[in-house]
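What follows are several structures.
Heads up, the next two complexes both have subunit A, just with different partners, subunit B and then subunit C.
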Partner chain A sequence: MEIACTQDHGSMEGRPIIREANIQQFRKHPDFAASSMGIDSHFPHDLPSKVYNHPYESYEKKAEEKQKKDGTTLYPIIKSSVHQWAMTIDLNACTGCNACVVSCQSENNIPIVGKDQVRRGREMHWLRIDRYFSAPVTVPEGSDKGKIRSEKNLPADPQVSVQPMACVHCENAPCESVCPVNATVHDEEGLNLMVYNRCVGTRYCSNNCPYKVRRFNFFDYNLRPLDSLYDSPVMLDKLPRRPTDEFEIAKLVRNPDVSVRMRGVMEKCTYCIQRIEGAKIAQKIKAGASDAVEVPDGVVRTACLDACPAEAITFGNKLDPNSAVSKSIKNPRNYSVLGYLETRARTTYLARVRNPNPEMPDYQESLKSPYTTQEYFKTNAEDPFGHHGHHGDNHSDHGHGADDNHAKEGSH
Partner chain B sequence: MFPSFFATSRPTRSGAVPLLAKSADGRPVKLERNPLHPDSSGTDAVTQASLLDLYDPDRLKSVMQGSNSVTRQAGVDGLRSVASDLEKSKGAGYAFLLDSVQSPSRDRLIAKLRSKYPEATWHHYDPIQPALDGVTHKAFYALDKADIIVSLGADFLGSEAESTRHTRDFARGRKISSVDDKMNRLYVVEGPMTITGAGADHRLRMAPSQIEKFAAFLAMDIITDKNSNAESVLGENYAKMVQELNSIKSGKANEGASTLIASWSSWVEACKNDILAHKGHVVFIPGSSQPASVHLMCQVLNALLGNIGTTVHYQADEAHNFSSIQLLASTLQSSSVSKLIMIGGNPVYNAPADLGWADAQKKATVIRLSDRLDESSENVAWSFPRSHFLESWGDARTADGTLAAVQPLIAPLYDSFTDLEFLAILGGENTLKPHDIVRETFKIVSRASDADSAWKHFLHDGYLKDSFFRHSKPDFQWASFISEFKKVSTLPVPGKDNLEVVFLPDSKVEDGTFTNNGWLQELPDPITKISWDNVILMSPATAQALGLPPSNHEGSTKYNMARIIEVEIKGRKNLRPSLDSKRIRRLHSGIGHGIRPQSLWPGRRGNRVLQRFRCPHRQKFLH
Partner chain C sequence: MAQDSQKLHGLLAQFDTPADLMHAAEMIRDHGYSRWDVFSPFPIHGMDDAMGLKNSKVGWFTFIGGFTGFFSGMGMIWYMNEFNYPLIVGGKPFFSPIFSFPVAYELTILLGAFGTLLGMAFLNRLPRLHNPLLKHSSFKRATDDQFFLLIEASDAKFDSSVTRQLLESTHPVKIEEVQE
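Our next item is the complex of A and B:
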């Protein structure tokens, strides 16, 4: 019998997607997540060449040059100096309760696709919560390095880590550079936009998205009964249908502030752009002739943020140094998922810190680390907390945590 | 037209979620937390999805007399004749079965009905939060004040009541930003992995039936430690308490208990020392499915360690002295009750199989207020459509006791009745409009001199200021605790030949209430990530011990294939898909998803659309 399950694989395989430390390690290395885990902790933060174009920088440079030369420019200055939106998600607070997922579905008119489509991996949730299991590393040193556990050897007492994942609004967005029709572009406030009317459904963007957060509308989920998805339009009229008034009732749930997408179009998290624009308009009305157009901190509450009982999500203007999100970005636990791709994600995560009691029998005397971190040691042969015993030969001068400036060491 | 926002709240089993509902073109389109409410703590997935229920085309739309749909007026007349019959007989031969709703107005009307019809019997059934005999106090946790949290089978961040407030307070104790920040520590003892277990700093896995022994072990270790001051608090009851706890701990005559207990000793020892080092800032939370003894042990420990008043508050449980559904089933079988009035609930679907509820219900003439035609609607004399909270006037109390407003965002879509209307007609009241009933209650509760302006404020803010409960120190009667402990007969230690089956509330559809909600059905379970389906989960070790071939859930070419296994519980057989799970050791199963213990895949009457429209593949699954 086939089961619809949205996450088949439960292990991070030692990759630093969710970064964790025990509190004892955090106290010694508070910025362990950004400065000593992942490939990105080893290379300079301003790479000379980049894989993906940064829309602001490439345009701005040209615009500035032109401006300098003859005082005018055809290149618009596209970076807003009023708002630059950003989000942080605190993995120490998030429990994985799913409130944000449904709130997002309700706010953004995300269709229900049915079990068959979920089984084919076509669920439309813009926001998903990844769940990973991890096990203590018990494999003797030197043997079978990459393989943490096998199918036959599932852990009896795993640790569980969860991570909400939606579009992270990369500044250097991999999706944008591959779209042949310019359907996904950056706006001046740092949002990675989807222009539904331009999208022709090549799905290149989704293939190039390292976070796998884009959702393709394969069928008219919003228009057709789920058991007629595969029927031809000719057949549709001949099939037994629900009375039209019932369909009309079901439609009432839709939020009129968000467009209902049609088939063949890519969609994804918009940072609730309708709420951002609403707040901006309200602020402009308030500002009148003055230039106080900056939306005060805390006014834009995305649907996920508003629903979150753990207050794990922070959203706001990162140009305002006093905004909650600016403060959150300065939290030493802050890091970027897949930061080594230099995507410069606007959504960053605050690493999880566990608080084990060292006297407890399950506290790992040998490694004293959360299981995901142990898996990371094992796979990458490096210990971000500078303990001995798990260093690879080439890494003996790495991984000493906060005190070291990895930026000086160059990339691997 | 700009959207506008109105304060309302969604009544839940244990309280209410204060909300701000967004209204566009005169209909609600989104639910948000009410930022004005003093106890506002976000929302949960079910609350968010409850919006979709309002527009569910499968709702019961008109009054049904038998299988004929009749006008609303005919329904009202029908209820009036029941009311006059009730009046004549003083309620003799009548029984009421209610679901859990915390509404002062509903409580007021029920109290009136009870005094008017003293011969009628009143019953209450909640499959998720069963009432426990011997537990006289309700707990209210303030987890933000706790340094150490010990959960004894409680999924307080997930399926338990008040999970949003618990999540908020728990998370506040963990958002560290500098090396000097303090962080709380969570110990969890549980069976199946829950999101509380996933958030634990230390998790001890055991069969839920064995948590009672574990709790007694921990309690005894703490009480007998000289740092706990137990002797001075418990006084003359000290020795007896220790004796009873010791006897529960040792598992009375359970086979294999001593080995099990020995395996916990180093865990308990280290945990105890940590707890005693944080006296006054610890909290013990019992799971709602745990027996009364575990709840009482937590009360003893919270009292001894001086946690009461900081991390936990207790309050006498003002139960309305409702009888159980078990008693109702037996009176129905003996035909001493011939008329049954049901408000909410779906007991044919979710009452314990042992009761044989479906047969018992057939013996009576049933009048039912329900939001849809479901399993319990079979052979019902009258079915009245129940209003959704977004189209109702009502009131509720959040768990802290604050009076919360329930106000409609739209006129009723169908010929539905609110609980208040229904009860008022049955009680022969003069005030029948739910709005007026709620205002009357408000007048009594608020005692405001300027009732009109207070009412307007109430509706604007969505709550009544300063109406929260004042907590006082509970007067625990230790002697009665000891007599409760004496009654305990501990459950056997499960093994390969006596598996323990755990029925859990589903993380999405709860006890089946939300089965028709596509948002919730499609939502992946927080731990298994299974959407739409329900499976029996067992650990790979259990599967191996039972000689089941390894499931190819992970690591093989064909993902997501589950075996169908047959489970027999007390002679009742059921075929179910099963998956090896990393998360648990023993069989467990959600109670929400269309699974009835009584029979094998019955045909459903009410969920026609669920099969054809929202969930076409369910049909395949069923037949």
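Our next item is the complex of A and C:
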């Protein structure tokens, strides 16, 4: 029996994709996720000058200088000084209930592709929930570090970590550089746009996306019944199609604010751009002739945010220092997934903190540190909560010698 | 003669051997004629020197074409990406000579080739609908076994009798007038 599954690999293999700590560890190092886990935590704080600057930085300056000098500027507005959108997802709050996935699917007219297509890896969800299992790390004394990767036995009592993952709207988007037709570009508000009309379906962007969040419409999922996906388009008129009445009903399901994509087009999370634009237009009407075009915090609610029962998702304007998302970005638990790629993702995550109760009968020594953290430690031979994990931060509290070794202890 | 009303195109001297033609060419070169040419059934080594021909100027046209192509390619991309329709792609600068190089390179080759072709045509005064030599009956042997030297009447130094005397001193088989 084949099972249609969107994630058949259950381990992070010690990579810091989801970053976790126990409450005691978190109290000692509130910023453990960004400052002591992952390759990016080893970056020097004062990077030498870059080869080139992001247009958001270099051209804003140029345009300003020209504006001051001439009163006008040839340079178009590259970066909006009103809105810069960003999102945070609190892994502490997320329970992996999938409500956001369903909400996204219905909001954005995402086709349902059926079991057969999912088995071929052609699922279309713009938002997915990554699920990772981890177990207490046991490495026999003297064995190779890589050994834990080939663990074949199913752990008796694994820990589960979940992480919603959609397009993170990287400012330095790797998908954009490889598009031969500029079908995916940035706008002035930090959104990674997907221009469906320009897309010719090379799928280079999907291949180059480090987060693997781009989805390709292989067939006319929106037009054909799932059992005639493979029929020749030349014969389309002669083949059985959706009965007209069924098709009319299917149309009613669509969100009229979102374009229904045809086949051969790449698609991905848009940060619910239809809601952003709606809010902006409403605000402009309200503002009238005045300058108050900035959408107030909390007005733009993405579909996933709307659906999240745990309120794990925060979305808003990064430029407003008082917005919920700005505050969330300043949270010490905030970190960027694959931050070492210098993608400058707009969606960042808040690390997860576990709080196992030592009074419980099933409590064991191995629970002293989250299993994923143990895995990370064992694979990378660095203790995120030890002395070596920290760079540039002056923590007065370094008296945690016992804590330094607890991950090791816990594993034996 | 009925041909009086026609314009003289030039004087055509006919030779039996390439050596005779070569000596004649050297003499004409030394007398400073500029609009003249030799015709032979096969290439004659050393004839360039004997005629005093310098390197072809077509290379300059090639260079100008290539230069224009390279900078129009770069300039086009610079203008379009920087001013006309700037797009933020992967956080990269709007213009860089590196990514626009292939286009500039292709245009270098294209306009370089155009420059070469048009420059060659210009220097050879092509296209030309008709060359009076082609209707001259004895000139047909230029593709067979005879060697010819033509001094055009449009040459500044051309003088019907003087030039004819000069040609006669090179001992041609015969000298004929070519009419337009």
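Just so it is clear, the second predicted complex is superposed on the first by the 330 of 412 C-alpha atoms of A that agree within 3 Å, B and C clash if a C-alpha of one lies under 4 Å from a C-alpha of the other, contacts with A are read in each partner's own complex, and residues count from 1 in each chain.
Criterion: contacts are C-beta pairs under 8 Å (C-beta built on N, C-alpha and C of every residue); 3 or more make two chains touch, one makes a residue touch a chain.
Not measured: the values here are computed from a predicted model.
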{"item": "Which of subunit B and subunit C A:I112 touches, first, second, both or neither", "value": "first"}
{"item": "First (subunit B), second (subunit C), both or neither touched by A:V82", "value": "neither"}
{"item": "Partner chain(s) touched by A:V185 [first = subunit B, second = subunit C, both, neither]", "value": "second"}
{"item": "First, second, both or neither for A:R344, with subunit B first and subunit C second", "value": "second"}
{"item": "Broader residue contact with subunit A after superposition on the shared chain, subunit B or subunit C", "value": "B"}
{"item": "Partner chain(s) touched by A:A324 [first = subunit B, second = subunit C, both, neither]", "value": "neither"}
{"item": "Subunit B versus subunit C as contact partner of A:E311, first or second or both or neither", "value": "first"}
{"item": "Contacts of A:E176 with subunit B and subunit C, given as first, second, both or neither", "value": "second"}
{"item": "Which of subunit B and subunit C A:V299 touches, first, second, both or neither", "value": "neither"}
{"item": "Subunit B/subunit C common contact set on subunit A", "value": "none"}
{"item": "Of all residues in subunit B, those that touch subunit A in their complex", "value": "3, 22, 24-25, 27, 29-33, 41-45, 47-49, 51-52, 54-57, 157-158, 163-165, 167-168, 170-172, 174-179, 183-186, 193, 195-199, 201-203, 205, 266-267, 270-271, 273-274, 413, 507-508, 518-524, 526-533, 535, 539-541, 550, 553-556, 559-564, 577, 579-580, 582-583, 585, 609, 612-618"}
{"item": "Of subunit A, residues touching subunit C in the complex", "value": "52-56, 58-59, 74-76, 78, 170-177, 179, 182, 185-187, 344"}
{"item": "Of subunit A, residues touching subunit B in the complex", "value": "1-10, 23, 26-27, 30, 90, 92-99, 101-103, 105-107, 112-116, 118-119, 123, 125, 128-129, 131, 133, 150-152, 154-162, 225-227, 242, 246-247, 249-257, 301, 303, 306-312, 331-333, 353-357, 359-362"}
{"item": "Residues of subunit C that touch subunit A when the two form their complex", "value": "83, 86-94, 96"}
